[in-house]
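Next come two complexes, and both contain subunit A; in the first it sits with subunit B, in the second with subunit C.
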Partner chain A sequence: MNAYNFAYLDEQTKRMIRRAILKGLAIPGYQVPFASREMPMPYGWGTGGVQVSAAVLTPEDTFKVIDQGADDTTNAVSIRSFFQRTAGVATTTATRDATVIQTRHRIPEEALGEGQILVYQVPIPEPLRFLEPRESETRKMHSLEEYGLMHVKLYEDISRHGHIATSYAYPVKVEGRYVMDPSPIPKFDNPKLGDMAAIQLFGAGREQRIYALPPYTQVVSLDFEDHPFEATKADHPCGMCGAQDSYLDELIIDDAGGRMFVCSDTDYCEARQAAGHKGKDAA
Partner chain B sequence: MQADTLSGGFADPSIGSSHAFRAVMEAMARPGTVQEISGAVPPAPLSPAAGTVLLTLCDTETPVYLAGAADCEALRVWLAFHTGAPLVGPAECMFAVGTWDALVPLSSYPVGTSQYPDRSATLIVERPDLSATGAALTGPGIKDQAALSLPEVAAFQSNHALFPLGLDFIFTSGDCVAALPRTTKVS
Partner chain C sequence: MYVAVKGGERAIENAHAWLAEERRGNKDIAELGIAQIREQLSLAVNRVMAEGSLYDPDLAALAIKQARGDLIEAIFLIRAYRTTLPRFGASEPVDTGAMACDRRISATFKDLPGGQVLGPTFDYTHRLLDFKLAADGEVPDAPARAAETGDVPHVTGFLNREGLIEEARHDDTPPRDLTREPLEMPADRPLRLQALTRADEGFTLGLAYSTQRGYGRNHAFVGELRIGAVPVEMDIPELGFAIEIGEVTLTECETVNQFTGSKTEPPQFTRGYGLVFGQTERKAISMALVDRALRWEELGEDNVGAPAQDAEFVLYHADNIQATGFLEHIKLPHYVDFQSELELVRKLRREAGVDQVQEAAE
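Let's look at the complex of A and B:
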């Protein structure tokens, strides 16, 4: 006997999660309830994503974990080593080498392919929660496609700020039916959700929900004719690799308040630098 | 108890079911693709693929309907031993398994409710063969268009019209598996 079950979870729990994943794929954007298990890490550490990863991993997989785009945060490192130990999987930081990628708050810059699965850690799966705290009511709203309030909330943004100020967890509509929370990714990443070649799975541990986007699914960010959706980012090139097209973090680099903008996707940035691309702040 | 009953499970349930699930998930996520699946060896008349799907997804929490020739003593005992799944009629099942002729009419199965469309049956349909030819498929999971050798077309069109309610289908033959979720448009 091993000290652990393969990928930590017992077989009955994995079967329950696997059934939820299949129903999620069959009803894109709909939140499937599941009985979340205690994991040996706190809820804020993505226990929903961890349970989904545990249910899909095979020993032959190569696993990558990113936290806000970075592979080297405490959270990413500990989830990666958790599955290295409990599932014996190979791990990588290279997006293109990974077969399963667990992520918190980003979609990799490099386009994902058909052999890949992207698992999102989701804190609040219900896009209507801030409008309506009661689960019984939001469930009814989804069943009746009552999404008018959601548009009202976005429109309030416009009247207050002159534009839609929501910049993370920007709501999307899937295949013209369910409004879905894409997890707190920047809205810059929203256009990558649709027509992606990879399978996308979303796990919320505390809220006990799993949802999914099959490959090549139509995903539209909510907007208005006079205020179309914009995938915005800081208007700078990356200081390290010079990329014009990547999502950037703003870093304070010295005591004098000096700043630089650098790719949030560390693998993307490092690969570009290794290929000879250089930004204005690179040594 | 016969030797048949005790044998035919996964050699290593944890690893075997992880591989089998990935095949089923790829099939469900990419309608029209045919995946290899193996691990279980069920008694006749079930195919290894159908037996493997049952062992991967079923347990005491999932009522199963054995349709037609699948409802035989050897299979009942085998499924009970390996999964503990309760056997029920079509109206109460979460999974059903059998040939297309034995499974129809589709109106017998739960299609979910407007608030819980996931509470719908998944039908495991045994086929003489499976190939990416025949009926044209479009919808989520399919880049432009795909094809799959379906037993008929009209029943899947009516099922698709129920969306977001509806049944989901897993097709099995030998050691191959394919799938058709309710989202797929068939023509």
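Let's look at the complex of A and C:
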């Protein structure tokens, strides 16, 4: 792959992306427009995350990619091999060994530390998009801090269903200022966003936006005093490692609709099994 | 017994190998050459160049071969390649008045300087399947004569002399570059035209058609449609003057639209403009109609709420590479989000009392 620059993108493009990242870190939760490039994978398949990773990766980094919490899902495999080919960086599946982790839809179970960067793939960066389809309007709403519409939507959920009917991509407020879309992570992961030691970067390629959370940023999931935010998961332990505290995937294991629950974070689950933890479905 | 799903890597490799085999097809049939695609499927090549925003017939032909004839996939390959190319500079504006026209027609004047030249068009063919072509595609040479010399002036120039058509305002401001800056609203006309020239042909056609059927109607005459080669010149700083670096074939369409005047503008004809790489006439006409519809604001017309008048709607949804990527991404796993939806729906159903019987049965 010598025909391409380190990590695929040319240095000018990386510089442009780094500027957007720095601006994002300086204004946590603010969506910075950037001149997203066409990547050799389709829009909607992580091009924003890939561009952010390409801009922050150095030859010394160790890279991990997860999709749905798992290292071996097909698109995670594809993105990992892309950077193996174009950047030649070391890769790992161990959360603690990675310096840069690109993720789709999950935050790893294991707490991240300083010196780590978590890169999110974001499909629709605008938390207000489904309330107001126009970009020109939503940008105005952010600049005027006009978030009433979002609270009305959440309130209407409660009055109709008794609960806020948003289970993933649950909106948060950053440092008391910007309402931000945390990408489609389950709301179970929302509490991990705040006060995280690692840098969190969000890349939306098709929508041409980058935003960021510097370490130890205050991030609050939107809620009401009488209807506090609640992180939820399937009420089971992991069938393989017995973990009580991890987010679970539900699997259908036979024609009769039999189900089992396993950790969505494969590294977390495997490490626990290696340490001797055993769930009820483990061999 | 559940075994953790492994082997994504091998599955991908095998899928790619199968894809390569399917692309090649039956090996008893001769393999398709790039030159054959370039010469014999040239309208497909033109579309890929236009929407890929890269003028290179050989690369476009290669992309079509690699994409198994899926033109959007081919456009994607070209876009992804294009983005890695260094940018040395920008050409001088091309002069379509100096075009060596293969085709030039006007629907507004029966005859005019430069004449009506039909060129290689499907227009008056009868769409009857030519079974002879299945057996033998050789054709006798078409009659030829020496090309007319001299410029072919633009039709809108004639209308302009009488002041019957709006003045196309001259503006030397460098246009914003859609491929180097994020698209931001409001988008001025140069930016809108950039987006439209690389926009999906089908989407542009549909929007243009909707204006004809009354969604933002603005009756358009094809003032002129011309297809042909124009020289591309570039200013070389070391030389201090512009030199010709090559030639591109373009399709240009200028529409002349009815306009009875508005709050701000007198009654006059107005313009829509389309300019597209290659022989891409359906696209250029569609582009001109959509361009005209998007100009409602500067012409002081009413916004009737038609999709083709809505710049945000048109520009954010016209790019087929963005659209197809996002559309097809729903094939990717969404277990995590689906799981959280499952939890929510179960909870809501439990509280509504619908699931008690089933829960008891489990």
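Here, the second predicted complex is superposed on the first by the 282 of 283 C-alpha atoms of A that agree within 3 Å, B and C clash if a C-alpha of one lies under 4 Å from a C-alpha of the other, contacts with A are read in each partner's own complex, and residues count from 1 in each chain.
By definition in this document, a residue touches a chain if its C-beta (ideal position, glycine included) is under 8 Å from a C-beta of that chain, and two chains touch if they have at least 3 such contacts.
Just so it is clear, the structure is predicted and the values come from calculations on it, not from any experiment.
Overlay on subunit A: subunit B and subunit C fit together in the combined arrangement. Set against each other, subunit B and subunit C touch different numbers of residues in subunit A, with C touching more.
Contact with subunit B, but none with subunit C, is seen for A:216 once the two complexes are overlaid on the shared chain.
When the two complexes are overlaid on their common chain A, residue A:56 makes contact with subunit B while staying clear of subunit C. Touch criterion not met for A:229: it reaches neither subunit B nor subunit C.
Once chain A of one complex is fitted onto chain A of the other, the partner contacts of A:43 are limited to subunit C, with no touch recorded for subunit B. By the touch criterion stated above, A:7 is placed in contact with subunit B alone, subunit C being left untouched.
The superposed arrangement places subunit B and subunit C with a least CA-CA distance of 10 Å. Across the two superposed structures, the residue set of subunit A contacted by subunit B and also by subunit C is 33. For subunit A in complex with subunit C, the residues that touch the partner chain are 4, 8, 10, 33-40, 42-45, 47, 67-70, 72-78, 81, 104-106, 123, 134-136, 161-163, 165, 167-169, 184-188, 206, 208-209, 232-234, 239-240, 247-251, 253, 260, 262, 264, 266, 269-270, 281, 283. Against subunit A, the residues of subunit B that register as touching in their complex are 13-15, 17-19, 21-22, 24-26, 28-30, 56-59, 61-62, 94, 114-118, 120, 122, 140-143, 163-164, 168, 181-183. Taken in their complex, subunit C has these residues touching subunit A: 1-2, 4-9, 11-12, 76, 79-80, 82-84, 86, 179-186, 312, 316, 321-322, 324-329, 332-337, 339-344, 347-348, 351. By the touch criterion stated above, subunit A contacts subunit B in their complex at residues 5-7, 11-12, 14-16, 18-28, 30, 32-33, 55-59, 114, 139-140, 142-144, 175, 177-178, 197, 199, 212-218.
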